[in-house]
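A, B, C and D label the chains in the order they appear, each numbered from 1.
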Amino acid sequence: MAVNGLMRVGEVAIRVFDLDEARRHYGQRMGLIESHVGDDDKLYYKAADEHDWYSLVLRRSDTPGIDYVGFKTLNDADLDRYATQLESEFGIAVRWAEAGAYPLTGRRLIFTLPTGHEAHIYAHKDQNGNGMPLRNPGTIPDEGYIRGMRIVRLDHVLIGGPNIEANREIFVRVFGWATSELLVDHTNEMPLGIFMSASTKPHDIAFLLQPDAGRFHHVSFLLDSVNDLYHAADLIGKYDIPVDVAPNRHGVTRGATIYFFDPSGNRNEVFTGGYVHYPDTPTLTWDTSQLGRATFSHDNTPRESFLNVLT
Amino acid sequence: MAVNGLMRVGEVAIRVFDLDEARRHYGQRMGLIESHVGDDDKLYYKAADEHDWYSLVLRRSDTPGIDYVGFKTLNDADLDRYATQLESEFGIAVRWAEAGAYPLTGRRLIFTLPTGHEAHIYAHKDQNGNGMPLRNPGTIPDEGYIRGMRIVRLDHVLIGGPNIEANREIFVRVFGWATSELLVDHTNEMPLGIFMSASTKPHDIAFLLQPDAGRFHHVSFLLDSVNDLYHAADLIGKYDIPVDVAPNRHGVTRGATIYFFDPSGNRNEVFTGGYVHYPDTPTLTWDTSQLGRATFSHDNTPRESFLNVLT
Amino acid sequence: MAVNGLMRVGEVAIRVFDLDEARRHYGQRMGLIESHVGDDDKLYYKAADEHDWYSLVLRRSDTPGIDYVGFKTLNDADLDRYATQLESEFGIAVRWAEAGAYPLTGRRLIFTLPTGHEAHIYAHKDQNGNGMPLRNPGTIPDEGYIRGMRIVRLDHVLIGGPNIEANREIFVRVFGWATSELLVDHTNEMPLGIFMSASTKPHDIAFLLQPDAGRFHHVSFLLDSVNDLYHAADLIGKYDIPVDVAPNRHGVTRGATIYFFDPSGNRNEVFTGGYVHYPDTPTLTWDTSQLGRATFSHDNTPRESFLNVLT
Amino acid sequence: MAVNGLMRVGEVAIRVFDLDEARRHYGQRMGLIESHVGDDDKLYYKAADEHDWYSLVLRRSDTPGIDYVGFKTLNDADLDRYATQLESEFGIAVRWAEAGAYPLTGRRLIFTLPTGHEAHIYAHKDQNGNGMPLRNPGTIPDEGYIRGMRIVRLDHVLIGGPNIEANREIFVRVFGWATSELLVDHTNEMPLGIFMSASTKPHDIAFLLQPDAGRFHHVSFLLDSVNDLYHAADLIGKYDIPVDVAPNRHGVTRGATIYFFDPSGNRNEVFTGGYVHYPDTPTLTWDTSQLGRATFSHDNTPRESFLNVLT
């Protein structure tokens, strides 16, 4: 059936201290597009090459972190099937938000993952396009549409909590996602990080073993090339955006990366490259004897802050 | 269920005049890896980042062209379902090749598409890896493993024949693939080209309307970057490989491209970029009033040879 | 003395049919910066990373082509030495324009090259910087300063006329420039194209043998990378700018290139790459048996229009 | 006179603990070409796109560091002029090595810079080309000629010692080089780093203020693109080469950079990009209030080891 069911992370909702600061960071500096203005005091952003109306939601709060991860599934009927399977096979309570409860989207199935994160699933979100028409679209939108870091799409999220193997079980059995890579403790093979792909991307979500539930490690945005990654790094330096890890390449996924923080301390990533993954690609395993190489393969040096700072 | 069923074009079998010339072209110059030597007088190649044992098969013949397109499906049980559906819904006769009839692969379902092309579907092919181990793989194989044009993977094929809409019907209803783009006659909206995606790539296969059945337009190989595309073009010029279209960008798929010919006149492409496609991405339509832009968007100039030379 | 004397082509003055059309092409689409407004009905542009106030001058005229090429020399005293040598050794009449006759520049030495082109030499032009301060400049200017094709600098010009070897003689003996490459008729070794470097760039000016004097082949602008070249090509296609040659690589200079035309038919180039040249680098010679490779090395195909259309 | 006189750093002689280890590092891993084998127990390397026979000399020693920096001047007569000026204006004693004393080179003028470094100047070195013919050279050498990190040329050196302003005085007055950038103490404007350009490159040599004379900070090699820089970083990680600073961008020069160490602890750099410099480009000044930005502009974080570890 090719791509079907739960297609991707379609929406990430993050808490920020101050909406004006957040607007300057995500809008003016990163160049995301503020695509919707609601009456709910939240900010709604999309990346340049996404068709859905928004993919990032920012809510004012006194604590940073993640409110929920939203997944888009192909057909509305999938939602009922997921609900049944989550309850019957995993004993997970679900609830529903009716269509329109979240702006411009259909009904949502809402539940809590074993790692303590709220998950939303929806099959419909209105689309306002990618800056180019659907007939004879051309290849590049008008000047000014792509700005800042030249972000293409929301790419993936990394979340932390206990019970990451239970999360995996759900994503494999209910959602049909594949395990692309594992990071295991080399002394006992216990999984510390689980990387899952819904597509031909090397990962769409990852789970990091953490004692506290519901933690947020980072949200990642796709760039087109290493050239654009360097351009993003130039802007990060220009604006004195706090950097966690300057340009490097992950061992896991083989993607090129920069990590930095928003003004509230939430970690962002810009990401490009990585291999083409299929469900028949063998799962790759890294162990902690090679923790440096697994995380930052240019210098094989693990970063303390990267491993332990979550919001 | 994320990626499932018919995952990708996993094998393309092409006819060439001379195996030594073909080996020089595909092996030494393009840098594909001759990965299997059979007793069948065929050449078997794979690209550097593929795990399956081979993806390109070359057979000596007095006429160039394509023997068959092989598709890999995720589970062996899919084959029976496809066979039933092809026969009952489309009246297409199928036959079977037993496991091992083709080297290193499981049983194959074989049938003829409405465009006159032989299609193979298999769920199993032995894997010999991508030059890096499965545990702590690192990010780059040993020097010399990636050679020539630095080809990453077999990417897609474009085939020509009548009844392209019947082909589409099968790929949508039996295989669950999405129509990413259409090229239509602007006078009557008749589809002249149909582009289909099984994944998050902008296309995995395309059908070009042609009066004669079973025609072959090109096989395309994935590169990592526009830099590698220019490097490939430098090699193409160095070796005086006949060029159909020098570096350009397609309107359809937004991919960067070079077209050239193997020594038997079969068209090859190297390809990089293009957008991320999902089944909920709106189908893009190009019409022939913008034929130049749809095909080669840097100069919006259709190429006669590109549109009409097939093998 | 390292770099000294006649440093570079610092100014090119071109004739255009219509200033509004020219402004749309060079300003809005190419992204050059309209840096000076005079009372002379001319347009003055600079590229983003140039310090001098302007490098391109556009004058309304009923015929396209080039008015003059301006060269910047390091010291004002150079001008007197050049004047003396041009008159005494080459019998070339010179004249002077006083400081301020051309906006924001010092006195100019003006004479006609053997190929029939007016040449200006000046040692002073006011500077307004490259969008970044001189103390703690940072690495990237404010968003919006670099626009359109992301042009870095005026790079070089190619002019056509008779007596190209006499031009060379002057540039070697009076100005100390080096001959980086030659294109010769393979039947008799007669130079058809002469490429000269004042720097570590592969060329700063080139002379093309043409029967008519004072002809203009193209003005070239430097880009940072092949990625930016592809981005420029995307814009060229978007705006339906007439393309002479889509992305390719020159044999001569090894630079990556696109040729296109302004609305008046003057040829523009965007250019990136090419080797590092020094005066002790051996002069490379191409002959017309390899004319395709010398001009466009990706397909080794000479373009009729490229060789014969000048303004 | 365009480029003239002292053109570039043409040769760097470095001390290493073990020639076999050095060969593995500089030859097999970095991909420099071992171009000459002498009877002197030294290793001679060149980079792929250099015409001169060698540019890097490695000598076995129990202490790492630099033996001398060799500069190539355009004409042999320059040597006499330099000798006179060094002695008369600067009171610097010079000596001569006769032609052939160093392999494949002409006579050398040898003296000690105020920073305590031995400098060689020569006008002649035999050339063995860049892997491509001088007539109809093409654009890319045969496969295998460019290997490892795909190094194009020796680019520059950074040396440390006292009296860096005296060094500058010599390079300005005797050799005609320009000061492209300065790093000064923000409390008293004292120069701590002086960056000098002999060409259109942003620097050819730099002097770092250090208490001990004759110290070696790094030798830098030019790459073609940020893509190749990432490829080099992938190899550095693969081979566990000790990294000083992973991919970043300098504020000074705006070049993209990686710093790493050879097996003897000598610092190497691969470098790409940076602006085009001319003698009339204003000298840029950084002060120590922006030390992070001046050195590593992606995170504006000075590295202790970078500033203080020299050999």
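Everything that follows uses one rule, which is that a residue touches a chain if its C-beta (ideal position, glycine included) is under 8 Å from a C-beta of that chain, and two chains touch if they have at least 3 such contacts.
All of these numbers come straight from a predicted model, not from anything done at the bench.
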Q | Same or different contact residues where subunit B meets its copy subunit A, judged by the half mark | A | same
**Q.** Most distant chain from subunit B by Cα centroid
**A.** D
Q. Quick check: more C-beta contact pairs in C-D or B-C?
A. C-D
Q: Just give me the whole-number Å value for how far the CA centre of subunit A lies from that of subunit C.
A: 47
Q) Between subunit C and subunit D, what is the gap in Å from one C-alpha centre to the other? A) 30
Q | Rounded Å distance, subunit B centre to subunit C centre (Cα mean) | A | 43
**Q.** Shared-contact residues (touching 2 or more other chains) in subunit D
**A.** 138-139, 225-227, 234, 237, 249, 293, 297
Q. Hey, how would you classify the chain contact layout here, line, ring, star, complete or other?
A. complete
Q.
Which residues of subunit B touch subunit D once you look at their complex with the stated criterion?
A. 138-140, 143, 147-148, 225, 227-228, 231, 234-235, 237-238
Q: Provide the residue numbers of subunit A that touch subunit B in the complex, in ascending order.
A: 1-8, 49, 51-52, 72, 74, 127, 129, 134-139, 152-153, 175-178, 197-201, 222, 224-226, 249-251, 254, 273, 275-276, 278-287, 289-290, 293-294, 297
Q) Touching subunit B in the complex: which residues of subunit C? A) 225-227, 230, 233-234, 236-238, 240, 243, 246-249, 256, 258, 293, 296-301
